[in-house]
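Going by the order they are written in, the chains are A, B, C and D; count residues from 1 in each one.
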Amino acid sequence: MSERVAIIGIGFVPLQPATPRHSFKEMVFEVAQKAYADAGISFEEIDSFVTCAEDFNEGISIFDEYTPDQLGCRQKPMHTLTQDGLHGIADALMQIRAGVADIVVVEAHSKASNIITPDWLLDYALDPVYNRPLGFNPHALAALEMNRFIDQTGITASQCADVVVKNRLNARDNPLAAYALKTNRSTVDSSPYVSYPLHEEELAKYADGCVVIVVANEATAKKVVNQPVWILGAGFANDSPTIESRCWGQAEYARYAAQSAFLQAGIKSVDDIDFFEVDDTYAYKELQHLIALGLYDEPVEAGRATESGETRRDGKTPVNVSGGALGMGLPLEAHGLYRILELVLQVRGQAGERQLSRAKIGVAQSWRGVPTTSGAVVIVGSEAPRG
Amino acid sequence: MIGAGMTRFMHRALETPKELAWHAANAALASSQLKLKQIDCVVLGTAPDAFDGVHMKSEYLADGCGGRGKPFLRCYVGGGTGVYAVAQAYFQVASGMFDTALVVCEEKMSSCQPHPQAAFLTIFDPITEQPLKPNLLWIFALEQTRYMETYGITIEEIARVAVKNKRNALNHPAAQLAAELTVEDVLGSEIMAWPVHRLMVSPTSDGAAAIVIAAEEVARRVSDKPIWIQGIGWSLDSAYWTNRDLAYPEYVEKAAWMAYDMAGVKEPRKEIHFAEPYDPFAYKELHHLEGLQLAPKGQAPRLLADGVFERDGDLPVTPSGGLLGVGNPIAAAGMMKICELFWQTRGEAGKRQLPGKPERGVAQAWGDLMQVGTVVVMGTKKPD
Amino acid sequence: MKPSARIEDHRTWPGAIPITSTYTAGVAGQIFFDALKQSGKLIATRCRPCKQVYLPARLFCERCLDALTEQVEIKPTGRLISYTLCQVDRDRRPLRRPQALALVQLDGANTVLLHYLLDVTRPEQISIGARVEVVIKPKRRRIGSILDIEGFRLVHDPEFSSKRTPRRKGR
Amino acid sequence: MNDKYAGTPLGERELNRGKIFVNSYTPKLHYQWDTGEGIGRYLGELKRGRLIARRCDGCQRILIPPRMFCERCFRPTDEWIYVNDTGKVLTFSLCYVTWNVRRLKQPLIPAVIEIDGASAGMGILHLLKKVPPKKVRVGMRVRAVWRPPAERRGSITDILYWRPATEERE
């Protein structure tokens, strides 16, 4: 029997295109304070800390150096993961189950607005010998994948555009969203191509923000004020990262991660899940990820489901009620934490205008963007898992 | 822990970072007699992306580490990463979520031009420090001065560390800078940043090292000589390093006690048979021995002079040859120390084998802006 | 940064990561590029247990981590797996002419190769599944780089065109 | 043994002979960091020729570089306080190489300088000049030498260097 683990506190700020008033440290400090208050704990009670960050997203090498002070973890166990925030949640879960810690804090933030050359960063992530010498905008990799995806599945480019319409519309009811907009399919379809068949409007725009999540063991979770939101399963996985041999068209990393998370949660059917927050860095990715999570018997149904409104807030399977990255903005490593934040708010019944009537079990899924094949899946629920 | 392997440490390798990682992973798998398909998860430890020259290099390295189609994480605490990676893998397995983990640490520093040291400029605060054009030597020299000044330590006492470790490395087939030197040789080498001489500094290196760890039932099934992870500890101090007294590494002490408590070690000086502290610079070994509670504050140089830390001494220190002798491909160097604990406690260290069948060792790494202590205690006895 | 008089102006600080990276091609890369440069050949390596042929040649199999020693020469013809017409450069500025990129699975390899698609500027000209050939630069211009390959060029394939009419996607 | 320790070391000669394929790339990694309130004010005051710190009422420490939160008490700091441009050397080095490892004839003298008016042990990183390298000592009193006001730009380099405080005023 595994130890039961819950999310007992959340802290966050709205996503914004830029946050010029504060340094990243000041932003994280403010959010961490809120999270600890939400959990009803003092910083001294926390056993271990995890920050998810990449050096070049921060513009500082060995970014780990700059993580402790603003979280209150001076001279305490603290480490970084160069992965998405959801990997951090999985890490916290494992630390607690291993008996290394009772309370773990996971932090991720974005100061994407401080990066002047974001596409050049992605370029620097390409294989230096075989791919980078070609000299192309790395978003073209997403376009290559999208083209393969729609060719293989029969999903149409317009159905991909529907994802943009839905998510930006959803974002209008989310005060944390930076890019809410009432738009329509033809606006998306007529926006210029970044790289055919991928339109400019189908790319999530970067945003600044921060989320801090407090994760705790059962004994602690039962003492806190707020309703604990239980972690039912957490999976993470990579496909081959190599352009030449990775899977094109399907999101294998998400499939592996989902399988592992569903197994842990003891969930046999996706019908048991009330809502989803999945990666939509590019519009087609939402569909590809839903397929990888096992929502549809045939991939083509993913496109139809979106077109028919099944994944809208009032649909059978709400997806990205928060607005996703397309509507809220893309906050680098904090992306996954904004996804799980929405799950916690919904499960707690704190989602305001966008509150779902049924939100007992939710799934968050993340992807690390081009050129990676790396992602994580976390399932949370209002009821503690059976032992 | 059931397997260990590493590459040679080299000034500049032909191998790509992926190929280096693969060599180490492959050697560790062979040592554990497991196949990749029996590995449940993969942990990568590697230091700044600026060295290998790839943004998000964890993703780039994933296939070389055996991470394709597997749960894969990269943990990162600067120079402390190599030892910390064991802690990461430990709780992945101890959580019950995975039965086996392959842990790979890799660094290819030679990719970075004009000199690998240039990457270190970008570890400083970009606003309040980088405009002064600092280099990595500064912080070591500043710390060493403070250490010497506080405890009245001489430069000769510190030079002995380089002599000992480079000599120990003569018996390490993977070593990059093994040598038989005298204290005079070390002090005769040019001053890089007073009080640091060239021969007191570890080289920049390319290399990789890897281990395999397994849950108890798997370990007992596949290995007749598993080495047990008895304690893990890690601690990170404030980033405001100019506001801290650098004479003593409190964060190493915190990490050490976390690991010792877990291992049931109450008197480290008696219960630890040998140590592999982090020695990127000569004085650091002494500094860290004090943080590890293996020498009283300011007393490590005296114990070294008395021969306590020699191979045949009371507490052999850095029998591998360390970063000063074997080389310093950052994260891989920390992992090399873990490999040394494995080989020494199994009695498989070849010419380096310590006398008296050591049963328990401690490895430690350090990193960031003089901030991180990571500690692992391993031994032949399963912890309670 | 320009000097300024007010405290409020000192709200951002500019900087960069001032490094250059020099990459070796690696053990397997040496084999691949040497053959490409010297004789214009494409060398792959095979993993028999995993039934994979990796192009460009690799030192190890990513599926089982075994060392790969068996070299295979791959013919310079293959099939289009995907393509894109990129409209922007890495500063996100519009390109004067779109940059066509393709993923191509060469006959006999299990992997794809990413390279330029030559003489294509509009999606109507191509479709996934089309036959292509590798165009290699003349020997005197080859330096042992992936750019020794010029790109892929469509080849006329009556069988393919009759099987499937190119689809237009999007607009 | 060779199998156990794989790896192919390259020397300069092999590299230069052209048999080894290498390619070089200079990344374009540019940033514009938000300094935030604490460091923004610090830089602004440097431009005016003053050093400023923050006080934390929790631990009563006066912190420099200034920050809007206290890392020990984990609470917001409380007040801005000007501190002096004099101090004491906590530690130093004589460095004979630049950041990209070019050899220097005359050493740079980086030091951590404890600032007068801030709490004990509160130092900042800077450079010493106008002192013979052999004369530098831990505990030595120093003072800041500022750039002329018109040349200051709100940077840590608005202080050109620190020099011994005991020598005659310029």
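Note that a residue touches a chain if its C-beta (ideal position, glycine included) is under 8 Å from a C-beta of that chain, and two chains touch if they have at least 3 such contacts.
Just so we're clear, the structure is a prediction, and the values are computed from it rather than from any experiment.
Visitor: Can you check which chain pair, B-C or B-D, has more C-beta pairs in contact?
Guide: B-D is joined by more C-beta pairs in contact.
Visitor: If every chain is reduced to the average of its C-alpha atoms, which one ends up farthest from chain C?
Guide: It is D.
Visitor: Just the number, please: Cα centre separation of chain B and chain C in whole Å.
Guide: Measuring from centre to centre gives 38 Å for this pair.
Visitor: How far is the middle of chain B from the middle of chain D, if each middle is the mean of its Cα atoms, in Å?
Guide: 27
Visitor: Just curious, how far off is chain B from chain A if you go by their C-alpha centres, in Å?
Guide: 33
Visitor: Between chain C and chain D, what distance separates the C-alpha centroids? Give it in angstrom.
Guide: The computed centroid separation for chain C versus chain D comes out at 44 Å.
Visitor: What are the residues of chain A that contact at least two other chains?
Guide: Touching at least two other chains: 20-21, 56, 59, 61, 68-69, 74, 114, 117, 120-121, 123-124, 128-129, 133, 240, 242, 245.
Visitor: Would you mind listing the residues of chain C that make contact with two or more other chains?
Guide: Correct list: 11-13, 15, 17, 19-27, 29-30, 62, 90, 145.
Visitor: Send over the residues of chain B in touch with two or more other chains.
Guide: 13-16, 50, 53-55, 63, 68, 113-114, 118-122, 126-127, 238, 240 - these are the residues of chain B that touch more than one other chain.
Visitor: Taking chains as nodes and touches as edges, what kind of graph is this: line, ring, star, complete or other?
Guide: complete
Visitor: Which of the residues in chain C end up touching chain A in this complex?
Guide: Checking each residue of chain C against chain A gives 11-12, 15, 17, 21, 23, 25-26, 29, 52, 54-56, 62, 81-92, 94, 98-99, 101-103, 110-116, 123, 128, 145-147, 169-171.
Visitor: Across the complex, what residues on chain B touch chain A?
Guide: 16, 47-50, 53-56, 58-63, 67-78, 84, 87-88, 90-97, 119-120, 122-123, 125-126, 232-240, 250-251, 254-255, 258, 367-369, 371-372
Visitor: Looking at the complex, which residues from chain C come into contact with chain D?
Guide: 1, 3-4, 6-17, 19-25, 27, 29-30, 33-34, 90, 144-145
Visitor: State the interface residues of chain B toward chain C in the complex, per the touch definition above.
Guide: Within the complex, chain B touches chain C at residues 13-16, 18-19, 22, 25-26, 29, 35-37, 50, 52-54, 63-64, 66, 68, 110-114, 118-119, 121-122, 126-127, 130.
Visitor: Quick check on the complex: what are the chain B residues that touch chain D?
Guide: 5-15, 20, 23, 27, 53, 55, 113-115, 117-118, 120-121, 126-129, 131-135, 137-138, 141-143, 145-146, 149, 173-174, 190-196, 206-207, 238, 240, 242-246
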